[in-house]
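This report concerns only the one structure given below.
Chains here go by letter, A, B, C, D, E and F, matching the order in which they are written, and residues are numbered from 1 within each.
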Amino acid sequence: MAGEGRPHVPSLWQPLWPLLWEEAVRRALAEDLGRAGDLTTDAIVPPDLVAEARLVARAAGRIAGVAPALAAFRLLDPSVESEVALPDGSDADAGATIATVRGPARAILAAERTALNFLGHLSGIATATRDLVAAVAGHRARIVCTRKTTPGLRALEKHAVRAGGGANHRFGLDDAVLIKDNHVALAGGVAPAIERARAAAGHLVKIEVEVDTLDQLDEALAAGTDAVLLDNMPLEVLRQAVERARGRAITEASGGITAETAAAVAATGVDLISAGWLTHSAPALDVALEVGG
Amino acid sequence: MAGEGRPHVPSLWQPLWPLLWEEAVRRALAEDLGRAGDLTTDAIVPPDLVAEARLVARAAGRIAGVAPALAAFRLLDPSVESEVALPDGSDADAGATIATVRGPARAILAAERTALNFLGHLSGIATATRDLVAAVAGHRARIVCTRKTTPGLRALEKHAVRAGGGANHRFGLDDAVLIKDNHVALAGGVAPAIERARAAAGHLVKIEVEVDTLDQLDEALAAGTDAVLLDNMPLEVLRQAVERARGRAITEASGGITAETAAAVAATGVDLISAGWLTHSAPALDVALEVGG
Amino acid sequence: MAGEGRPHVPSLWQPLWPLLWEEAVRRALAEDLGRAGDLTTDAIVPPDLVAEARLVARAAGRIAGVAPALAAFRLLDPSVESEVALPDGSDADAGATIATVRGPARAILAAERTALNFLGHLSGIATATRDLVAAVAGHRARIVCTRKTTPGLRALEKHAVRAGGGANHRFGLDDAVLIKDNHVALAGGVAPAIERARAAAGHLVKIEVEVDTLDQLDEALAAGTDAVLLDNMPLEVLRQAVERARGRAITEASGGITAETAAAVAATGVDLISAGWLTHSAPALDVALEVGG
Amino acid sequence: MAGEGRPHVPSLWQPLWPLLWEEAVRRALAEDLGRAGDLTTDAIVPPDLVAEARLVARAAGRIAGVAPALAAFRLLDPSVESEVALPDGSDADAGATIATVRGPARAILAAERTALNFLGHLSGIATATRDLVAAVAGHRARIVCTRKTTPGLRALEKHAVRAGGGANHRFGLDDAVLIKDNHVALAGGVAPAIERARAAAGHLVKIEVEVDTLDQLDEALAAGTDAVLLDNMPLEVLRQAVERARGRAITEASGGITAETAAAVAATGVDLISAGWLTHSAPALDVALEVGG
Amino acid sequence: MAGEGRPHVPSLWQPLWPLLWEEAVRRALAEDLGRAGDLTTDAIVPPDLVAEARLVARAAGRIAGVAPALAAFRLLDPSVESEVALPDGSDADAGATIATVRGPARAILAAERTALNFLGHLSGIATATRDLVAAVAGHRARIVCTRKTTPGLRALEKHAVRAGGGANHRFGLDDAVLIKDNHVALAGGVAPAIERARAAAGHLVKIEVEVDTLDQLDEALAAGTDAVLLDNMPLEVLRQAVERARGRAITEASGGITAETAAAVAATGVDLISAGWLTHSAPALDVALEVGG
Amino acid sequence: MAGEGRPHVPSLWQPLWPLLWEEAVRRALAEDLGRAGDLTTDAIVPPDLVAEARLVARAAGRIAGVAPALAAFRLLDPSVESEVALPDGSDADAGATIATVRGPARAILAAERTALNFLGHLSGIATATRDLVAAVAGHRARIVCTRKTTPGLRALEKHAVRAGGGANHRFGLDDAVLIKDNHVALAGGVAPAIERARAAAGHLVKIEVEVDTLDQLDEALAAGTDAVLLDNMPLEVLRQAVERARGRAITEASGGITAETAAAVAATGVDLISAGWLTHSAPALDVALEVGG
């Protein structure tokens, strides 16, 4: 193979295969164009007019979603060309150009809103993640997202979290076992729940269990869990939990994590800090399309 | 027809036809279940166990999205039954029960996250809208959303805005003409842009034009626009613009609208206040599923 | 932007974005090819044979649907090339070449019927529209189509009407309000129906109401309707209705419009004449594919 | 099996399995409802109002398409109930009730146009077929349709032809061999074309060949074709062709068949008469929905 | 037309139009990539590494499915290039290179399994067919497959049978009539069943009937069936059946056909031998991807 | 929750949610019905005839796929009722009734082949798995399948393996890391490959690595892999490998596993034995539909 010798560049923010998200862009375009297309542009813009436009950040932030944004233009008109200035995972200053597109003015104006909706939404998630990652700098804790994602956009949102420097928790109900309080109650305890899961799960499936007390933690560790979710524990209890689990299970803290509280949580030595709001409540980054050379 | 005599109940918050959004719920379920389904629940919960659970608001807010949330359970297992306590458009106190579901415990646990993701996202939009509507109470201004929506969820988000007491702007590029600065520049002025649009548009299509100055406003009014978008105008200029347009065109203010600034904008007498962040940046409402009688 | 200075060419007959109709062509191809493809062509035509063929009009008419017709060949085999001689909106004499295709003979023969079915159907609509437009020449009335379209082909049929020189009415139930007799009966009169619609509709949504009598017309005008649909009125009554509505609402006549009756209706001064049969009953234009250089 | 003894009722006009056409109804509903649904009905009709309505024929004709028409109501709201008065294949007088629906008034009004578009289109085809069948009564000739169908509706249109008393030709390119002039030219004659087809086709695939002259007919019969398509032959030549083919191949006449010319063509003794206009140009039957008990 | 003069090359193993099977490849890729893509490759392989790889046969066999296998790479990344060494219908020795691909190493590794699953499955069918065809060499009998195919892959499997030298029976329930024992019982005999079918079927639809005894065979021949399915008959009875049917109907033998028994069955002079296991139970051919130039 | 006290029944063979596979059944039905449906049944079977039929095993085997088989009938006609005698995971004797269906005879006959194709294919996999599981009885080794599945049917085939008593390996490329020889070569060794994967993978993602030699095994164990794939090792080497890995990593043996060789492999003490042929080459179980009470 060519290129084998070159240094390995981790590619957390490489775009996913279009096969995994292009349909979502197509749906969004259809949602905006309706049956009749862009009435305004069709009435005003000559069909043969060629334009150049820049996708710009109006506020500073971490970029994610350049690929689906550019796909919006290309799917509408394959003759639109583009150049990326700030790929996913880059930090943009306010006013920075993220990418440039050039092609039929009608296509550029008609796809504008769809492109911006992807780019703003995903960059908002990346920016919030980046800030939370920065808040725990110097600690071992990694920031992870959850399954509290926007319906239909999970793969793209998980990617945006990686572009922000975070890591991903489960992608869905089928790629790991996460035993929550309802499961524990139904199984009659932490240990029997873990046992049932171990018996049923494949050999490459890890098991994590949510524990509320140190006693439950001991039970989970004794039963051989791979990871423990320490939900809403007071800092001092969390510290003890992390201590007990050290070397025996991965520890994850969750509940009420914000940029303000994250450092103190990270100081307990926990391995992972998860925050659902990164994907369900991060405000969009303000991005715009500026037409003209 | 039966029932013809009864008083007319406006139904802004009636759920849309499932035909318009059920596919989005199906996609979200598939996104969460993957190929193998809910590993945890399948391992721990007996297949014939029947459970009852409540969808509850953990924080106070305006509810929207009950129908797609309940559809998540029903689409996974048609035998799940449900009862709605707080329909879309209701205000929930923290702790309030929104709806109850009863059926196979496996289906209830497997659909939980999908249901909550819809309910939390849409109720977040409704709550933000409600608060902005409250901020302009006593003024004529209506709060409206924009096309800055989450890809794939536009119809549901527009509905959530109505559930919050707001009104809807265009659903897409094809149901009205909205001439923006790029179009004005390409047409060579506000008036020629309006003329081109009038010539091309159907007789039931209204025309709105974005104006930045009072001169442009005069040009738009003279050209017979149906509505004007007054973007980012200082309050005093906005007041004059509203005055000039009175009785001649609908006026819409936009740009930097927050719960703090909305009242002052509304006090200018403007007809509509639009805010893109209602649909792209409103934080989700905290909702949860509580299992057990 | 380049090209800004050139004169504006109205583009009523520009093809819609393929995103809006390409799936319909794909479905039609699949419908014709079934599981086993073109048995006859596969048996008889060598796979490497290259052919050239012309899409020709066997009867004179107005052309519409060239883009989906050519897409049929291209979707089957991307190597098929084409050249358009008579774009949508052109008038073809009997025998005229509409477009030329060149590529693998198997693809050209296998896609022939699908291409012709689109081209003949849409050109039939365009031709009927053109003739009705010609019948009202010299009058202010524009010819418009309705929602009485062929299931699955609305966007293309609306486009064909524009290619014939007509204009489009509503594209669907969601882009304007059209109050019909059933709605009037349910609301308890024309005025309350208009009021309910005004209260519920967005600010860019126009309202049209169907009236059967001059009294109803007066009620509609007083309630501030944007347009009135004057259905099946005798010519003399229609003339009075147009007179009363002048300057107050757009007037639309419908009911039994044919090439023979249209001129008399137009002579009343009505703004619009609508005819459902343009889209549901116009005979196809006779088009064919002629193979050979 | 129960019911085995009862007389066999041919069921040419039984509805096809919904699996084969329900998606087309769903698409048509989505096409009409757009993103926002029925603005007019939502604004005016209370959500809990129940209505009854009748699908009526405004002109006399042969009915086809009752199943997809009723499915439009049911797919929008499963609580709509219906009763069929005139099933597919029945003759309706002007004013006759075809079916009755009862359910939420909103659903009935919102699905009305979709239902009527299917019913009118398909009944138009059935009516035209019925009339052409009547024109050849007393002769052996059966009336058959072609592949000149409306894109996306082939299965339903083929069914409508059967409801009109006609028979179906090929459903697509893959269920029989039909050698046309282009194929003959490419193969270097009628006989080699038939031979190639015979060699490639499965044992249950019949072969038909288009012939223009009696010499070609002789060549086709000698090569053992199953059927011959006698296209645009003068009546006297057609008569001779039928005579020569008797007992050796099925004979089909095509080209310029109308209700006026069909009897003379049938009098030649030909087995089949095909007419493409039955599916591409038959005018819709005028059908309407009448609301109210 | 160019190329008209060249000798006709039968193309039984030409790939079908991608329109007919590409969606199946896309589904298979999505099935393997899930939401997060190829975790292993993304972690280890640099995004800009270019690789070359060969699809090789690890065992000797007849090749089928090269087109869908190569499409797996191309659909994942359009920049992957390929060259075919052994097209469908070729015989490969163990170790032979079937095709070569060159492009981004990530795409090649991520699509590897999908490509191999198509190629191995379809080549397995082709190989089994080839061997059965060889077993009857010298006899008139052709080997045909049945409708006992793998759900979702029928068109491709039918094509693989042709690549193996076999022929295809019905593609589905709609392209010919095949009367089985249940139908005969319901109709009250072989003759009435054939009569009902003849009355209902189109003129290009052939009729085959399953018979268990020589008496039923006589009844079928007298009723004018096109073909007879002689199921599980002892060899001597089969020989008599073939004799009686000679010149009157096509004969097909089925039931327990293996490479060992086929020659004796063929020796009866039967026209066709059908074997369901070719498509439902043929073992996959062992194929692999070898990376590196 | 009701039923909480009852003993936990492991449900490895419970049917997956229909949401995950129903579309595959729908596609298979459409594949068989084509455009025109079941010509034979429509011609011969009266539409109102009600029938009862049994799905029977013609050979002994382990059953899987009852749910999709029954769904074929139900999706074609919702009025078909069914009763399951032998659920997935049961052993059937030759002649045993697996399930009974009752409903319109036309639906039962038209869906027959689709139902049997699912049931035969999946039961074939379950039967082969059961036999391989039996071959290693008494050893700790579990039988697992691979990603060598039939395109489009992975979830159902993985379920069939569980019904046979086996366990599942990865469902796709995205639910665990499996480092193969190509990855090792690209990373420059086993250890760096594991390190890269550890750095990139989420905390619930396990890592398995393929090793060919004991040296590579040592390197993998030192790098902390979760599992090792011991591919095609001679028995004696395999035994040593299992010994070294004990307590440090899960061991999986693969390569040339058959019912004959499995016991010897299992005797090495390996944890898992994987066999791709279970899903790509297991012969279908012979199943049939018997009509009549």
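FYI, a residue touches a chain if its C-beta (ideal position, glycine included) is under 8 Å from a C-beta of that chain, and two chains touch if they have at least 3 such contacts.
Given the structure is predicted, the values throughout are model-derived calculations rather than measurements.
Listed by label, the chains touching chain C and chain D alike are A, B, E, F. Although chain A and chain C share one sequence, what matters here is the overlap of their interface residues, and that overlap falls short of half of the numbers used. With centres taken as mean Cα positions, chain F sits 52 Å from chain C.
As a whole-number value, the distance joining the C-alpha centres of chain A and chain F reads 32 Å. Chain contacts: chain D has residues 1, 4, 8, 31, 33-37, 42, 49, 105, 110, 154-155, 168, 171-172, 174-176, 178, 186-187, 196, 199-200, 205, 291-292 touching two or more partner chains. If touching chains are joined by edges, the resulting network of the protein chains shown connects every chain directly with every other. Those residues of chain A lying in contact with chain D across their complex are 31, 34-35.
By the touch criterion stated above, chain F contacts chain D in their complex at residues 26, 29-30, 33-37, 42, 46-52, 75-77, 105, 107, 110, 291-293.
Contact residues on chain E toward chain F in their complex (touch as defined above): 24-25, 27-28, 31-45, 49, 105, 109-110, 113-114, 116-118, 120-121, 124, 147-155, 171-180, 182-183, 185-187, 193, 196-197, 199-201, 205, 277, 280-281, 283-284, 291-292.
Across the complex, chain C meets chain A through its residues 1-4, 6, 8-9, 11, 14, 16-17, 19-20, 154-155, 158, 168, 171-172, 175. The residues of chain C lying in touch with chain B in their complex are 1, 4, 8, 10, 12, 142, 144, 167-171, 174-176, 178, 186-187, 196, 199-200, 202-206, 208, 226-227, 250, 252, 271-272.
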